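Okay, here's the structure, questions in a sec.
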Amino acid sequence: MSVLGALLLVTALGADPEPTPPPDPLAGSPNVQFRVLEPKPFPDALRHELTLQPFVPQIGSTFTTHWLSSFTYTFHATEWLGLRLQPFWVWHAQRSRFSSELLSRVRQDAAAPSSVMLQWGAVAAPEWSPIRGKFTAFGGTVRYGFVLFAGAGVGGTEIELKTADSVGPATYGSTGLRMVATGGAGFRVQLGQRWTVRLEVQDLIHWGSVSHINGCNATDLHTLDQQRTSGGITGAGVSSQCNVGAFQGTTGGGYDRSNDVSIAQAKVNEGGSDTLHVVGVYLGFGVEL
Amino acid sequence: MRRQAFLAALLGALACAKGGPSPELLAVARAPDASPSDALALGQALQAAKLDATSIGPLRTAAASPGPAQAVAIDALLAAQARLDDQLLVPAFLAAHPDLRPSTPELQERALLLRGLELQRTGALEEAEKVLRRIPAGSPLAPRARYALGIVLSDPRRPGGPRMQAALDELQAVLDYGGGGCEGTETRALAQLAIARLLYGLRQDSASAAAYDRVPRDSRVWAESLFERGYPRFRMGDDGGALGTVHATQAPQLRDAFLPEARILEATVLFHACLYLETRGILDGFTGTYRPLSERLRTLVERRASAAEEVALVTDPAQRASLGEGLGQSLLAEPRIAAGLRLLRTLDAERAQLTSVGAGGAALEQLDGVREEAEQATAQSIHARLAEVSASLRDLLEQADVLRFEMTKGEKELLDADVDQRKLLAARSLPSLPTGGPADERWRVDGEWWSDEIGFQRATLKDGCPAQKATPSVR
Amino acid sequence: MSFIRVLALAGLAALLAPARALASPEPPVQPRLYPVGGRFSLAATVGISVFDTLTRTGTLEVRAGWDFSEWLGLDASVTGALSGHTALADRIGQHLLQTPAVGTVDDLSDLWQLKAMVLAGVRLAPVYGKFNLGADLPIRFQAYLWLGGGAAWLDRTSVVICRNVTSREQGTCGDWFTESRVAPVASAALGLRLFTGVHGAVVLELRSLVWKDDYLLGVDRAAAEAGNVTGQRAPSPGFTNTMLVQLGYAFIF
């Protein structure tokens, strides 16, 4: 027997035919119509939902890779509308594999504004659930809703200074707070009265130029660079928000952090701006109170 | 007794050496049952060999005879009944021997419950009421007892007449009991259904419909409640609700429920709206399906079949399928019939065990006696149910004929008034369907049945009656 | 039948048996308004690549399928593709050519472009559902996981190995190093069939195509620009993953 024939035989065993119900005399009648009005087993209105998205990988990134965790509080004002508050923490942000390859093979690097990474943030957004449905799988019925949301918030950002090499791991400098816009869509499944599962695709959008690194602008960095070449960074003559301490001392691997000054200066002097998208797949597990 | 014990020990040693049947099984194979004490010993030995069904025979003998063996025998008999969940033989025995007293309060309550249920089943309502009232409210058997008491109090045959409010109080009290596992859940579902029926009888239609809605969806009686809730809705004037819920009994998921009356109620609602074409379609389908079944049942009920033949009607898949239209499955689901079939299967398994050790004599004789009785009792239950269904179908077919006659009258009146009903219906629009609230999910009904949606169907229907000559209310 | 085949079939039966056992309890939906078991389907889709880095792709696919049951089907498809470099890839090439041709360079990964493909695979569709688009407008759908593989006809145009520099100043090349090959491809997809009727459904898929990458390392730039491409094949080139969003229509007979 061929493999395909065996496949057909085996799977034919799984093809349980559905029973054909008798014809309904009222089916075609123009004088009678039926509708199902089924109360939602567990309504959402005026309930609070707490969702944890423990691992969110960034997808479709070019120069950076973000892995983050987020927590979402959603207040369901009605069955259709809600408001979500979502803080997030990026616990892994680094140059992408493509960016590393570009640098090592052809000695080209992404522009500074295109290399800014998110560190943390919080966004708020109204949430709309225009479509509700249900599906059957493995003998059970599951209710779900399609959700859309868009909003804004704020986030902390950073940029890579020294790349990872034989001397030690990469170093980073803060590029300050930025506004973060967000938008996304996904599905929300209710399991019983309390538990929910969400699968959403969400974009965290931030934009701007790299004008400050560790609070130091181009002038501050020039001053620090001159101090470095003269014998040591003192921090004198820089603006008050310039975090001189970030360029002093050594890392755990013995790298002298004052070397970051020239790198930071080059990035700040590049100019330009860019809009960056951190698109992630958010699988979350929630509880509804 | 000493010789018997020695024989058992010897056979046991042989069995262990050879790895054969259990020593208890071997011991019963040759034990006598001449006197009540012998019968008790045999019964206990059978129970030790896990042959509970066979043990009913000798234990009844021992329990029926006054003497030192009686008290022990009644306790052992009740223990066997609990393990087997026997609803035929032991309850009948207890009802026939009302003075037997088990040794512990728990067993006494159990005996009272079984007696009470048997008395209620056989129509001895006054005695049943007295017996069931003796079970304390805190007993784990109280929910079942109070449910049965509620049924007794509401029975129209009750001496002194039914006491509806008292029945409602008892049934309501059943709902307040929690726990009880599967049996507790089933009892509460039955009580909920009974409350709905009583409220309908008291013409409290809104409360009755609400009570029907509370029957749990996963209970054995949910399909019945689905169809029955059409009655209070129809009487309240909620034709759309009545038609919707009754129409839902056609769902494929409910094909194992036997509900012929649902079609008559559906036809009645449509007839009330003067939708004669639709009514005729429902009635034609009804008679096409159930007239042949009614004739088949009449033949089955009138024949003098043996107990084995009656039981085979339900146990043989081909014969059961010939009953058709969910009747076979609904018979299997009847608690008393299911209990009887379960007992017969257990007895057959025990027979195989006894014959495997080459047993003859007392044990096998006892088993055959018990089996014959169990088969008779089961067959009687099957026959009674078939007779009930046959009579009910005859009534329903007559109702269908009455509806057809009334329809013909109505159509004649339309003709006499020169009313073209087709034009009348075409000119009228369907009332809009209810939209529900924000937390309601609305779905079109288009021939695909989802299990969770069954019971939430609502209908809207045109009024086909001419304004001046509305059909008199059939409510 | 060979031992391997027996093992494979036993494994398949083991895979299907629990699914069948799960399906044996009364199905929640009876009867399905749009059953697919025992039916043949023919579909056409157009697709575009998403998450592009160095290449972008557009596809046109024709697919034939057979559904053994409501939840298991088999598909075979033929795809033609139009693909090219992204603006980023062109800029990388341009910037490299503007630097002096000194030393060696390693080519970049993930530059193979799809030209044509044949695929066959299994479609597992345990999910059947519906949603309301408007009042009384239910849309029914099947959601499925598609797993399979096939062969892909691929072309590659380098962005670092130029055989004829036309302008060093402007970083333009007249003849980039190109290659072609046929490679095995594995594919997985998540998809929806949104039924428009008993005989048709809109198909929406997110599909992943994976093939083994292949490129040169240590290419002497000066020699390459003189027309002599040197270098050695990367020993562990990894895999290229191309994600496509495909939209189309299936006729179900």
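What to note about this one:
For clarity, chains are labelled A, B and C in written order, and residue numbers in each chain start from 1.
In this text, contacts are C-beta pairs under 8 Å (C-beta built on N, C-alpha and C of every residue); 3 or more make two chains touch, one makes a residue touch a chain.
Model, not experiment: these values are computed from the prediction.
Fewest steps needed to get from chain A to chain B, stepping only to touching chains, is 1.
The chain pair A-C and the chain pair B-C differ in C-beta contact count, and the higher one is A-C.
We define each chain's centre as the mean of its Cα atoms; on that basis chain B and chain C are separated by 59 Å. In this assembly, the C-alpha centroid of chain A lies 25 Å from the C-alpha centroid of chain C. Counting partners per residue, chain C has 28-32, 130, 132, 136 as the residues that reach two or more other chains. Counting only residues that touch two or more partner chains, chain B has 251-252, 441-444, 447, 449-452.
Chain contacts: chain A has residues 18-19, 21, 35, 132, 134, 136, 141 touching two or more partner chains. On the side of chain A, the complex with chain C involves touching residues 1, 3, 6-8, 10-21, 35, 59-60, 62, 98, 101-102, 104-106, 108, 131-141, 144, 146.
Against chain B, in their complex, chain A makes its touches with residues 18-19, 21-22, 24-27, 29-40, 43-45, 78-80, 132, 134, 136, 141.
Residues 26, 28-33, 130, 132, 135-138, 140 of chain C are the ones touching chain B in the complex.
Contact residues on chain B toward chain C in their complex (touch as defined above): 251-253, 435, 441-444, 446-452. Across the complex, chain C meets chain A through its residues 1, 5, 8-9, 12-13, 16, 19-20, 22-25, 27-32, 35, 37-38, 50-51, 53, 68-72, 88, 92, 95-96, 105-110, 126-133, 136, 141, 143, 160.
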